Structure formats: structure tokens, C-alpha cells
């Protein structure tokens, strides 16, 4: 895995190549190749369609889901005004994009590694699995609420050991938590990588602490700049200091962050 | 010609059927039929593409250029942010529209009538000519700066006696003014209808006064509501009172307005 | 869902009132919806004598908003009473007169003309118009003047509810709201426009003949919400929230911070049926806010950490 | 085209300065352009001691703008001088320190630390931050306090230019500008953010942990232009225009109403190379304004009718 090359991080205007034709609230956005082959899974980019006027002030942070020589792909869910407008893009539309931003997940070649994904937290693991030198060491546990078909899970489960658990109603929550804890416990001498909503990350963090398992968490936060300048996205580090999720994360060692 | 039927005046969301493929700054916008067959040329509509966010606050006023059972057509030039975004619409995009608004030009059947168009002021006369019961009484004089190909002049000149004069440089201005004055004078016992920029209308108004010719002028003004409510678009009437261009115009008798 | 609101002696079928100057006399919008469905209509600002208003240009579009310097063009209070009021559905919808004058005494006279009109449900006193050179903002920026004008209007109002409309162009809006309350106001409405300006680098001239004008629209909603929040802490009388409301959610945001009702202004220019669409959409937005009535939501903002 | 500007003892290669709090310490933007090309960089607000700032959430997006309540999180002035300043291209680009303190005396101490730093071209005194509970807006809303703080900073500045940054949340910005001038300021910069608020009807909570925050972005440009216009009439010292600038045209609008230079804030979030793009675009915009130099345009607004 290539380490982030800073000269790659600049603003580009890319063309949208076409959308995945899955359930409409879940969108796969594939853009022409910005030369990000060397990105590190877990890194993200800020996206701002060129056609946005001024009423949406910020770009939108999205994990880089995968990248190859021809293209880079994002995978997102429509949750508000920005993602709604991004979902309405048509092939050929231009997007302003800056990245790859932040750090990424560790990818030690010969360590049993459990990937814990909650919902859209699945996105960065797609490229992680594709690029990992020794995928046989990987295990994916995917917790989700919407139908499995909404996610690129099938393609991913072909490459690594994978299991999924669905929270259909709040009653299923204990089962989901149980599965997460078990998965963490079972990674005793390995590494846990987690990406998902904050309550999900809290469960992972707690379990990792309890069982003394090394873990990395990818955090979400509202972002204005994405480059460490505005201090709008901070979380508290281990020493209770505010650090930027965008620049010091979004991936943190589980012990280095207060959720 | 059917007189405005008020029940037609409501907000609709229409689909854009396709664009005229002329020089790119001049756009013909054809929308599905809103049931405006009975509009009166000179009337206008307010347009607001559904995809606009909030950053453009107002709709944009455009003269109804022509309408038939299937469609309504506008003809505009890209001059700022709103028209730029309207020009970027793709077939199938939706537009919020309210109209027909304001009054229209008189269309007496057996009166020699001279249509004086300056630049985009040509737009309303397209439908005027098409709908006029006795086009042999009509004469069109078209003053323009850009190339004639930018305008639907050719189609119009097939139906009525038409001439055009181009202002290539400011030096041509006296010739243009002369042509306008002559055209007005030559309509001694008829009717002059004019649509164009304010300096153009001033020339017409002056000439009509000098030669005692009956004239109607279609005014432009910045508009927020288009329905007479905001008082943002006013001009002064003959008695120096402020009246709304949108609701009391945009077509005024030449004597009833101060330019 | 119960959309009804009652405050300051008014009973409205829903909390959506159209704001002064943005909805004409209501009649201009009859093609676009049934104006009887509105909670209320505040008509264009009225003065004792007809006013021609400011020279053109009077409006300019700005990002997510607009500037206006209309200058209270209006046919005068008598023409309103004679020509407009009888055409309005005042038995079904609260018609609120918006009052503009350039002295305390003139405010009193103007009130006197309207006080006896059955069709007028309430009086909104515009002490905050930035677009006139005498009075206007001068009143609205000085708590002492606000109090005096309020007292005078209240005295002449023959019991009709008096709503004082406040300017945001002040250091402390709480003080202004308090002054209105002390003067006997039945409610305050806020905000009027923010003082702003736009220029054209090509002509090197202001975009408004009046040079400065009032900023309105979604751009100012955060300022308006903050002002309502501060006023709600400063006074006990009901508040009408105004500023940048374009959706049912926006309206409920103002209710949440403490408003009893709201006025919709610039949104009427986004499309002329926007106020009706906001009403249509209120029940859905109330589901989102998990409330069955407007009363249930009012002022329930949770500011604890 | 001559983009250079000179004022208050500063010589800038162009009038585009990045605004405090929106451009970090400049270093964060090195990937996106050559920061030596900027007219100046105002660094994030500095305090005597490190500050952790406000709790999260600290930012909210609003129509054509945003709210922030960062609360001057910063590593403290000493860390800045030690860790950041040496990395900045201060010989080529004016590095301006932005000062925050909660008392007149503390402002003096803070100034003292920076006064001797060769790399600091000027001091911008933030008497207008709405996001801190002691000092902050309290200073900025009171002309007497503005004057006192200015005098103190000026006294300790060892001759470095002192720029006083003003709040728009006041009844009369002219008075505030005048107070700064009277206190000896070499320039004023305005505006800081407008006090605003956003709430979430679903959670019934404010969108900022601090409840209120500062509104910035294109939404506030009309207010900012008006404030600069008023300040230009009130004082003789140079003015730096700030508020909602996203394009070269916007920048020239502020110059037209009288600003000597401008600061670009929220636009840096539209895309991180926006300030560089504005500089690139200045010559084209100057053609539009028919001027060959910034000086030629400054203050030439024609308000005659």
C-alpha cells in the first residue's frame, strides 16, 4: 500500500462517468481518474458539484470507496440537500473535488484483521479489500438496517470471509451489539478496523478496550474545509484536546479518541 | 385574439422539451403546453427552474414568444446568472412557471401596424405575427447588434413585410435611430408597437409624439414577484405616479408612461 | 394535526401569515391559492397620505436574498379602507394593517383611521423600515421611541391588538422588545429587514437608487431566529417570527424558539403559491417535529447540553 | 494592471488577504496554491494561553452561508510564534496576527508578545467575536471599550500597524469605527460575523452547542458592504472590507465603496483554492470596472442620482 503522496492533494474538476443503477437512495458515483491510485483506504475527498450555486456553502466529505487507473468511486446515501443534489447529477456533469484527505487505515500484511462496517461505513472497505496484499487475513462484519441489496456487499464478500447482521427493528439492536463484541473478541491478537455511525464506533471502542484488542476507528463529523483549517470538525483526543477529524483523522487509534 | 383568461394564471411545473440549436448565447426554450393558447402576445411569464436552489431568489420574466396546442416557447439571451442556468437546462428538466402575466399588445385587425423590435425585443412579435388575423397589415422593423442568425428573424420575415438594421458599432446608431423614426412616421394613421431596451423605446416614444402616431411600448424592469405585489418594478405613468410594470404593463400606451 | 394558534386576542386557523410588502393587498395572489386558507395577511405598509415611494431601481437580488428600498409606496390608508378592505375575506382570515408614519402623533392619527374598521383584525406598527429618511429606522433603533410610539398607537387602537414590528439593526433587540412590551404592545413581530447595500462595479453606482436597502430572504434566517430567541427571553408577550422562512420546517423552527406564529415574506417571490404550499406542508413537518399541535411545539427548544 | 495596495504602513502585492479562522495558519493550504501569492494572511485568532474552544457541534450550514462557534480554539500565541510563524513566507506575504483577549490588559500583554516578532506584519484586534462568553462581542458593541482596547494595543505594539476588527451587531457601526480611529488604530477591518442561530426541529435542539454563533458567507455580503460604506463615511483611516466575498467582482465591490483591501473568509470553504482563483481573476474584473489599478477604483462609488 502506497503512503499518501501530498502532491496529489489538490483541487480538480472531474467528470461524472455514470451512476450505479441500484436502489435510488444509495448512489455509486464514479468519476474519471484523478490520479489517486496511490490513495490509502480510509482517506476521503471533499466533493462539490460545479453546478451548485452558492446556497450550499460546503463541499461534502465522502470516503474514497475504490480507485483504479481509470476512475475513482464513491458510495453514498441520500440523507439531505447535498447528497440529494449529488444523486441528481447526470453523466458528463462536472464536480469540484479535493483529496485524498486525512489518513487511512493501517494495512499490515500478515495480521488477522477484522473490518467492522456499520451502514455506509462499508464504503472505504471496498477499496481496502481490493488493495490488501493478503486478503485471506481479512474478515468483514457488516451491520446494516436497509436491505443488503442497497450495498456493494455481495462483490466484497466474494473476496473475503464476510458475514452480515441486519437491524430490522430496534429490538434487533442487542443482537447486533453482541455480534460486534464477539467479532472484536475473536480478533484478540489482530487488528480491528471500524467505520460507521458514532454509536456503532462506541460499541467497538468499548469492546476493544474490554478485550485489549488493537483497533482503529474512522470518525464522521460535519466538515466545512476538510483540510484542518476551520476547526469545525474536531473531536477530543486521548488527552481531552480538540483535534481536527479531517486532518488528524478521520481514522484514529481507538485509544486516541473520545467519542 | 382571445383576451386574457385569468383562471389560466397559476403556477405550474413544466418539462423542458428541448432547446433550439442556435448560437449558444441565444436560447429558445420550448416547454410542454400549459394551456396558454389564449395568451395575448406581449404577455410574459415568470420562470424558475425547479433545480435552482435558494441562491437565486426571484423567477425570471420572459415574454411568451409563441404558443400552440403542444408547447410554449420563450426566446432569451444569456446575460447573467439566471439566464446562464436556464441555458444549461437539459431536456426533461422541470421549470416552475407562472403566467401569462400582464397585458399584451393591441391587435386591431385592419390597421396598418408597425412592429419595432430592438434586440431581444423581437421575442413577443413572433407569436404576434403568427396569430394576427391579417398579417398583410403588419410590417416588422428589427434593430439588432449581434448577427441576424442569432434571432428567429428569418422565419418571421417569411410571414410579414420585414426589414432589419444592424448597429455594428456605435457609429451606426444615427442610422438606426433614423430608421426607427422613419418607420414611425410612415405609420401615420396606424399603430406602432415597440419592444426593446429603454433607449430604443425612448426613441420610439419621441418619434410617435413628434408625428402624432399611436404607439404601444413594452417595458423591461427588474421583477421580484411579477404579479403586482412587491412594487419593485414600477415606472412612472403619465401623471407621474408609480405603477407596476408587471401588472399594469408590460405594454403601455406610449403617452401613459415616462421613460 | 391542530394548526390553530391563538395569541394577542387573535385566533388564526394556522400560524402562516403573509408579511407586509411581499403579498400586496392579498388580492394579487387570488390566482395562486385560496387566500382564505392563510392564517393571516399583513397588507402593504399604509401611511396617512398616499406615498409614491422611492425612485427606481428599488430592488436587487443578492445571494439567497434580496434588497429592497420601496419606500412604503401605498395609496394611503383611506384608499385601503375604501378600495381594498371590502374585497378581502376578513371574516375568514385575519387582515392585519401595517402602519408607517414619521412621527408619534402621525402614528396615532393613522391608528385612529383603522381602529374603527371591523375588517382589520390587528395593527402591526412598522417602527423598523430602513427605507425612509424620516422616522423609519430612527424609531426602531431607539427603545425610548419604540415605547412612545407603542403607547400612542395603543391609546388610539380602540382595543384592537397592537403588534410592534422590530428592526434587527440594533445592538440589543431584547431591549427593543422590552420597550414595546412596556409601551403596552400585545405582541411583537420580528425581524424587519437588515440594512444592506449592493453596488455595480461596471457603472460604479449603487444598485438601489436609495443607496441602502433592506435585506430579506433565506440569507437572514439565522439572524432572525437568533433575534426571536433573544426577544423570547426578554418579554412575556407573544412573538411573531419573521425572516427567511421558505418552508414549513423553517416556520416550525421559529415556533420552536418561541414564536406564536410566523410571517412569510420574500418566499412569496420564489413562487407566488409558496405560502399556500407551506401550509400544505405543515402537517408533514409537524410529524417530523413530533408534535400534534403548534402549541405543543412552541418554545420547547432544549438548550441544555 | 496594478494590483498592489499600500495602506497603514503595509505594502501588499494584491488586495486579497485571507480572513482569520478560515485559512488556518496558511500552511493547511499549501497544496492548493502558492501562499506567497496572497496579499496577506490573517492567521487564526490567538490568545495569550492555549484555548480548547467551544464544545461540538461548532458549525452549521445555512443558505448561502454558515454559522460557526469555534470559540477561538488556538495553541496560544507562544506556540504560534515558535511553531507556525517560522514556516510562513513572511518576507513575501504579510502575515497578520489576529488577537483575542478577554480584558483590556490581556490585549496589551498579547500585543507585547507579538510586537517584537519580525514575521508579524500587523496586528488585527478581534473585539468582535460573538462566540466567547467573556469579552468578545461585549467589547465590540461598546465604542468606549473599543477605544480603550485600541489604545492599549497601540501602546504595546511597538509601532506595528494596528487594525481593529469590528462587529456588525451594533446600531451604529460608524460610531465603532470612529472609536477605533480615536483610539489610534491604523486601520479598521469589517465585518466580523453576524450573530445568528440555527435549530433542528427533529431534535428540538440548537444546531450549535453554543446555541448562537456567527453568520458568514455570501448571505452577509450586502450587510458587509453597507457597513464598509458607513464606516468609510465615519473615518479617515483605511478600511479592510470583509464579508461574503467569493469572487474578484465581490472584492472590487468593497474597494469601490472605499476599502483599501479585503479579506476572504468562508469562500475558502467553497473550495480551498478559491482565494488564489480570486487573485487570478482580478485583472479580468478590473477590466470590467474599467480601472488599471486598485487605487484608481477605491472609493469612487457614485451615489448621485
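Letters A, B, C and D mark the chains in the order given here, with residues in each chain numbered from 1 onward.
To be clear about the criterion, contacts are C-beta pairs under 8 Å (C-beta built on N, C-alpha and C of every residue); 3 or more make two chains touch, one makes a residue touch a chain.
As the structure is a computational prediction, the values presented were derived from the model and not from experiment.
Common neighbours of subunit B and subunit D (chains touching each): A, C. Put simply, the chain farthest from subunit D by mean CA position is B. Counting C-beta pairs in contact across A-C and across A-D gives the higher total for A-D. Annotation: 46 Å between the Cα-based centres of subunit A and subunit C.
With centres defined as mean CA coordinates, subunit D is found 35 Å away from subunit A. Here the CA centre of subunit C is 33 Å from the CA centre of subunit D. As a whole-number value, the distance joining the C-alpha centres of subunit A and subunit B reads 54 Å.
Among the residues of subunit B, those touching two or more other chains are numbered 54-56. Residue positions of subunit C with contacts to 2 or more other chains are 62-65, 217-218.
If each chain is drawn as a node and touching chains are joined, the picture has every node linked to every other.
Residue ranges of subunit B in contact with subunit C, taken from their complex: 6-7, 9-11, 48, 54-59, 96, 98, 221-222, 224-235, 240-242, 247. Across the interface of their complex, subunit B is touched by residues 51-56, 81, 85, 88, 90 of subunit A. Listing the residues of subunit D that touch subunit B in their complex gives 63-64, 218.
Put simply, subunit B touches subunit D in their complex at residues 54-55. In the complex of the two chains, the subunit D residues touching subunit C come out as 55, 62-65, 67, 141, 169-171, 194-199, 201-206, 209, 211-212, 215, 217-223, 225-226, 229, 244, 249, 252-253, 256-257, 285, 288-290, 297, 300-303, 305.
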